[in-house]
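I have a structure I would like to understand better, so I am pasting it below and will then ask my questions one at a time.
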Amino acid sequence: MKSTIRSFDLAHLAHVELLTPKPEQSLAFFVNVLGMTETTRQGDSVYLRGWDDYEHHSLKLTAAKTAGMGHFAYRASSPEALSHRVASIERAGFGCGWTDNHVGHGSAYAFKSPDGHDMEIYYETEWYTPPPELKPSLKNQAMRFPGRGANARRLDHLNLLTSDVEQLLDFMENVVGLRSTELIKLDNGKLAGAWVTCNNKTYDVAFTRDHYGAHGRFHHATWALDSKEEVLRAADIALEHDIKIETGPHKHAVQQTFFLYMLEPGGHRVEVAHASARLMLAPDWQPVVWTETERKKGQAWGLKTVESFHTYGTPPIEEYVGPRNS
Amino acid sequence: MKSTIRSFDLAHLAHVELLTPKPEQSLAFFVNVLGMTETTRQGDSVYLRGWDDYEHHSLKLTAAKTAGMGHFAYRASSPEALSHRVASIERAGFGCGWTDNHVGHGSAYAFKSPDGHDMEIYYETEWYTPPPELKPSLKNQAMRFPGRGANARRLDHLNLLTSDVEQLLDFMENVVGLRSTELIKLDNGKLAGAWVTCNNKTYDVAFTRDHYGAHGRFHHATWALDSKEEVLRAADIALEHDIKIETGPHKHAVQQTFFLYMLEPGGHRVEVAHASARLMLAPDWQPVVWTETERKKGQAWGLKTVESFHTYGTPPIEEYVGPRNS
Amino acid sequence: MKSTIRSFDLAHLAHVELLTPKPEQSLAFFVNVLGMTETTRQGDSVYLRGWDDYEHHSLKLTAAKTAGMGHFAYRASSPEALSHRVASIERAGFGCGWTDNHVGHGSAYAFKSPDGHDMEIYYETEWYTPPPELKPSLKNQAMRFPGRGANARRLDHLNLLTSDVEQLLDFMENVVGLRSTELIKLDNGKLAGAWVTCNNKTYDVAFTRDHYGAHGRFHHATWALDSKEEVLRAADIALEHDIKIETGPHKHAVQQTFFLYMLEPGGHRVEVAHASARLMLAPDWQPVVWTETERKKGQAWGLKTVESFHTYGTPPIEEYVGPRNS
Amino acid sequence: MKSTIRSFDLAHLAHVELLTPKPEQSLAFFVNVLGMTETTRQGDSVYLRGWDDYEHHSLKLTAAKTAGMGHFAYRASSPEALSHRVASIERAGFGCGWTDNHVGHGSAYAFKSPDGHDMEIYYETEWYTPPPELKPSLKNQAMRFPGRGANARRLDHLNLLTSDVEQLLDFMENVVGLRSTELIKLDNGKLAGAWVTCNNKTYDVAFTRDHYGAHGRFHHATWALDSKEEVLRAADIALEHDIKIETGPHKHAVQQTFFLYMLEPGGHRVEVAHASARLMLAPDWQPVVWTETERKKGQAWGLKTVESFHTYGTPPIEEYVGPRNS
C-alpha cells in the first residue's frame, strides 16, 4: 500500500533548463512573447522568471548545439523531506549525487529518470527580491506585473516523452513520490500517457509515449497565465511576433486545461495555459483513466489533435512540420 | 459611382426564420443552450428573442419537413427609406410584393435574391415590452438577463450559400443597398465569399460559394454573446447538452470574429460569436480582399477549417458528417 | 519550532452549514443565483453542491430561527492524520467528541474554536455519483456543468468574526494545524485579521476582529467561480434576482482575490470569487503582514471598503444596512 | 419633426486634442499604460493612435501651461455631408471657419459649442499605413497588436462638462446632427446629463452639468478595449505605474459600459472601457430617461459614484482630490 504522506516530500516543480541553438531569438521569445523577466546571466545561460514565481527563476535558458531539456528541478518541502526523498532515489539506484554552486538555489541532488531525463531536487533557495523598478504595488506579489506579452505568471508544468510510460510512472510514483491524477490506457492495456503531481495542482509533470520510441526526450514546458482571456491574447501576440502556433487556444479533455502551444525559435514547444479554478483537493483521488475510444473524440470541444503534437519533441528527430506549414 | 448614402436605407438585420423537422428539440436548443426566450407561438411557429433584441423576436422557428431558412428580414431606417428601397428592388425585378399580418412587425415587402433566398424589409415594428417577471433591473435593457445557457444577446448575422457570389454581391450592393467590407478572391479571379453590412457592424450578412453549386441554401445564423468568455462557456454548455460542436471556439481571420459553430437538432448550423470592440466606422472603407493563398493559412491562429464547413448547408444535400464523427 | 508537516493532516475545507430563517428563499438563492445543485434533503436541512465539489455537498442549509453558521468541516488527509489531529485537539481541550449518522460523510470529530465556532473533521466520505441527467460529458468532472446562475464550482473559503484574532490564530495554527499566509497588524501591535490554509490554496479560512467584540460569529462563505468574467456576470445575475450586492466586483489587496459579495435572503453574506492562477506553493512561505496604513489604501484598485463589511455578521447584531440602502 | 437622416452627416468621432502641462509624463502614460503608439511629432504636439484606429491618430497631445481639451473632431460621411453639416452650423451662428495644414487629415471646419468647446469636422483623411515593424499579421487590422499596457484599440467617446445641458443638447441634436440615446432628468425637470451619437455606437459624446457652472470644460476621454478582462488588467497596469485610479473597474448603469477611470499625469481623467456587444441599432430609438431617484442607486452593481467624478474637470478649478488621497 502506498502511503499518501510520501508525496509531500516535494513541494512543487521549481524550474526547467532548456537548451537552445538560437539563444538570442529564444530569449527574445521568452521576454517579449511570454512576458518573462531576466534575472541573471552566467556563462552560456540566462535565467528568467514569471512575475509571480517566488524563487530566483523558473527558466534557465542555455545556449547549445541542439534543442533539448537540460534538466528540471523540484523543490522539497523541508530539509528532512529532501533527505528522505534522496534516500529513496539512491536506494532505487537512480542517483547521480549532490551538486553545488547553483544560481538561485542551494545544494541539489541530481538523478536521472529511467528514461534518461535529468532531474534535481533541493530545498535551500533564494527568495526573489525585485530591484526598485520591478517592485510590485501589492506586497503579496513577487514582482511587478509586466503588462508585456503574455504576462507569464509562474511555471506550471512540464511534459516529457518516454519510451516506456509504465516504467516512468512507476519511477515517478514510487521513487520520486508523486501521485498520478489522470492516465490514458490503450485497448492493448498499455499506458499512453500519465499526469502526476506533488501538490494540489492537478499535475506538474506529464509524460506520453515517444512516437519514435526514443529515450529521455522532451515535449513541452508550460507557464500559467491568469485567465483564459490572457491565453487568447497570447495567441494574438504570438501571431504578431511571427511565432508558430501549433494548436489552440482550446481546452484539453484530459485535465481540462485551456491551452495554447507555440514553437519557440530554438525549437521547443512552449505552452501557456489556464486551469480555471480546478484543483485536486481530495487526498484519495483515484486516477481518471481515459480509454483509447474516449481519446479519439479529440480535445474537450472536439478539436482533433494535430499530428505533430504526437510526434515532435526535443531533441528533434524529425524536422518540425506544424499544421501551418502544410 | 456608388452613393454611400443608399446603404442607410436599411437600419439592421432584424430576424430569420428557420424551418426545422424537429421543432421540439430545436426549441429546447434555442432556449436551453442559446439561452433565448420564447415570446409567442402561432401556427407552426415559435418566436424567440435574445435578451437585448429590442424587437419582438429575432428568430421564427417553424416546423417543416426539411431544415432550411424560411426567410430573413431587414428593418428599414424610416418609412421613406423603406419606400425608396422597395422601389429599387421592384425596379430591378426581384420583388414579390407586400405582405401583412406578421407577428411582431408591420407590412413587409417580400423579395427574392437572384439565388433564391427569401428576404423581407419593413419599417413598422413592435418594440418588445417584457412581462413583469422578465423586466430588467436596468431600464436601458430590453429584457432581464437570463443567466441560462449561452445568454444569446441579439441576432448578429447570417451566412448564406450561393451558386454565384458575384451575382449575389451585385444584388446586395446595388439592389439591397449594402456595403461589402471583406471579400475572398480566388486565383482565377472569381469571388468565393463576401461580407456585407448596412451599418457599423462589420457584417450582417455573409455568403460563400455553394460547394454543390446549389441555389438559395443557408449556411448559418449567428447570435452575439457579450464576451469571448461567454463563447468559451457556450462550448461547455453545448458539450453538456450533447450538441455537436462543428468547430471552435477560435478566431476567424476574416472579420476576426471569435466563433463557435454548433449543429442544432433540426440540422442548422448555429454560431455564437463575439466581435470584441471591432466596428466599421470609416465611411469610405474599402473591402479587404483575401487571396486564395492567404486563406490557406486557416483561421486567425492557424486552425484548419473543417471540411463540413465548406460543404454542409440547409436544406442539406449530403448528410452532415462533422469532425467528431470521424 | 512549528513543524510544517503537521499542516498536512487536513486535506481541505469540506463544507459549511448555514442556518437560515428563510429556508425557501435561501434555497432559491443558492440554486438560481449561485447555480448550486440540491443533492438531498433530510429533516430541516437541504444539502447542496457546486458542480465540481467531489463530495456529497459543500453546503448544508438548515432552517432555523436566526441566521448563523451551524458548523464547518475539514476533511483529513488520511485516517492516521485524522487520529493525529483529533489527539492534538483533545490535548488542547477543545474537543466535543465523535458524532455519527452524517449525510454524505463518516464519523466526524466535533470541536469548538476558542471563540465558539463549531467545527468538525472527518476522513471517510461519500464521493458524489451524479444521477444520469447530471452526468458530465468529461469524466474528470464531478457533475454536469449547470449553465445556470453563477455556476459555483466548489467551496472556496470561509470568513469568521472573532473577539480575539491572536487567540483564534494560535488555535488554528497550533491546534488545528493550519498555516497563516497573510495577516493585518494594527499600529497598536494587535492583529486585525488572519488568513490560514491547510493546502496550496492561499487560504481556506479567514478571520477578522468582530466590530462588536462578540463571540463565534460568521462573516461570509465563498464559492469559487471559474473566471473573473463569471464573477462579473454573477453581479448581473444578482441584480436581476433583486439580490443585494454589498460590494464588488473588485479585487482584494489582501490575497488579491477577485470578489463579489451578496446578501442572501436568509441574511448571510455570500461571496463568489476567482483567484486567477495564484497558489501558495512555497513550503516556507512567510506570512505577508499588512500595516494599518497599507490597509487604508482600500482594495487593490482603490475601492474603499464599505462600512457594513466591517460590522455586519451572522447571527446579526444590528440590522443589515448595506451601501445601496442609503 | 426631426429627420433621422441628418445624423448620418457625421460618420464618427475622430480625435481629441489634450493639452498637458507635463508632456513627457503624459506621453509615457499614453504609450506605456494605455498602450498607444506615436505616429508623428510636430511643434509642441505628439500624435498617437490605438492599434485599430484607421486614421493617422486619435489623440493629439499638446504641451501647454494648463490641462484642458484643445479641440475634438468628427469625420463626416462624405464631402456632401460635410458641406451640408457646415451649412447647418454656419446658419446657426456657431462657425469659426475653415482651417488647413492639419497633420493626418484635410481641411476642417472649426466651430464652437454654445458652452465654448472647440470642435471640428472634416472629410478628407489620411488612412494610416504602418511602417514594416508595425504591420499586422491579419490584413483587416490597422496596425500590429502591441501587447503593451492596456492595448487601447480605438477612441471610443468623450465626456464634456457644460454649464447648460439643455442648451448643449439642443446644439448637438439640431446643429451638429447627433441623436440622444440616454438622458438624466432631475426632479426639477432640468437635464443633468446627455449621451449622444452619430452612429450605431450608443454614444460618442456625453456631457454632464459642470458642478461649478463653468463653461467649456472637459470631463474625460475614453479609448475602447477589447474585453472586460482587458479593463481589469488595465487597472493592474495602472497600479504598477503609480497612476491614480479614480473609480472602477465597474459597470455604469447609464449605457452599461464597463469602465475604469484614471488620472493621467497631465491632469486629465482618462477612461478605458468595454461595451460588450451593445449597439444602438434601432433607427427610432427613444432616449432612455433616468430619474434622480434611479441615479441615486449608484452604478449598475451599486457602486457609489465618487465625489471627484461629479466635480473635477479640465482645466481644473479645484485641485484633484481623488478617493485614494483621503
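We call the chains A, B, C and D, going by the order they appear; numbering starts again at 1 in every chain.
Assume a residue touches a chain if its C-beta (ideal position, glycine included) is under 8 Å from a C-beta of that chain, and two chains touch if they have at least 3 such contacts.
Bear in mind that the values here come from a model prediction, so they are computed numbers and not experimental data.
Asker: Which contact partners do chain A and chain B have in common?
Answerer: C, D
Asker: Where the contacts of chain B and chain C overlap, which chains show up?
Answerer: Of all the chains present, those in contact with both chain B and chain C are A, D.
Asker: Using mean CA coordinates as chain centres, what's the chain A-chain C distance in Å?
Answerer: 32
Asker: Rounded to the nearest whole Å, what is the centre-to-centre distance of chain A and chain D, using the mean of the C-alpha atoms as each centre?
Answerer: Chain centres of chain A and chain D, defined by C-alpha means, are spaced 45 Å apart.
Asker: In chain C, what residues contact two or more other chains?
Answerer: In chain C, the residues touching two or more other chains are 138, 227-229, 236, 239, 300.
Asker: Okay, in this complex, where on chain C does chain B touch?
Answerer: 32, 136-138, 144-145, 147-150, 227, 229-230, 233, 236-237, 239-240, 242
Asker: Hey, which residues of chain B end up touching chain D in the complex?
Answerer: Result: residues 4-5, 8, 11-12, 52, 54, 75-78, 138-141, 153-154, 156, 182, 199-201, 224-229, 253-256, 274-279, 281-283, 288, 290, 294, 300 of chain B touch chain D.
Asker: Using the touch definition from the top, list the residues of chain D that touch chain C in their complex.
Answerer: That would be residues 228-229, 232, 235-236, 238-239, 245, 247-251, 258, 260, 297-298, 300-304, 323-324 of chain D.
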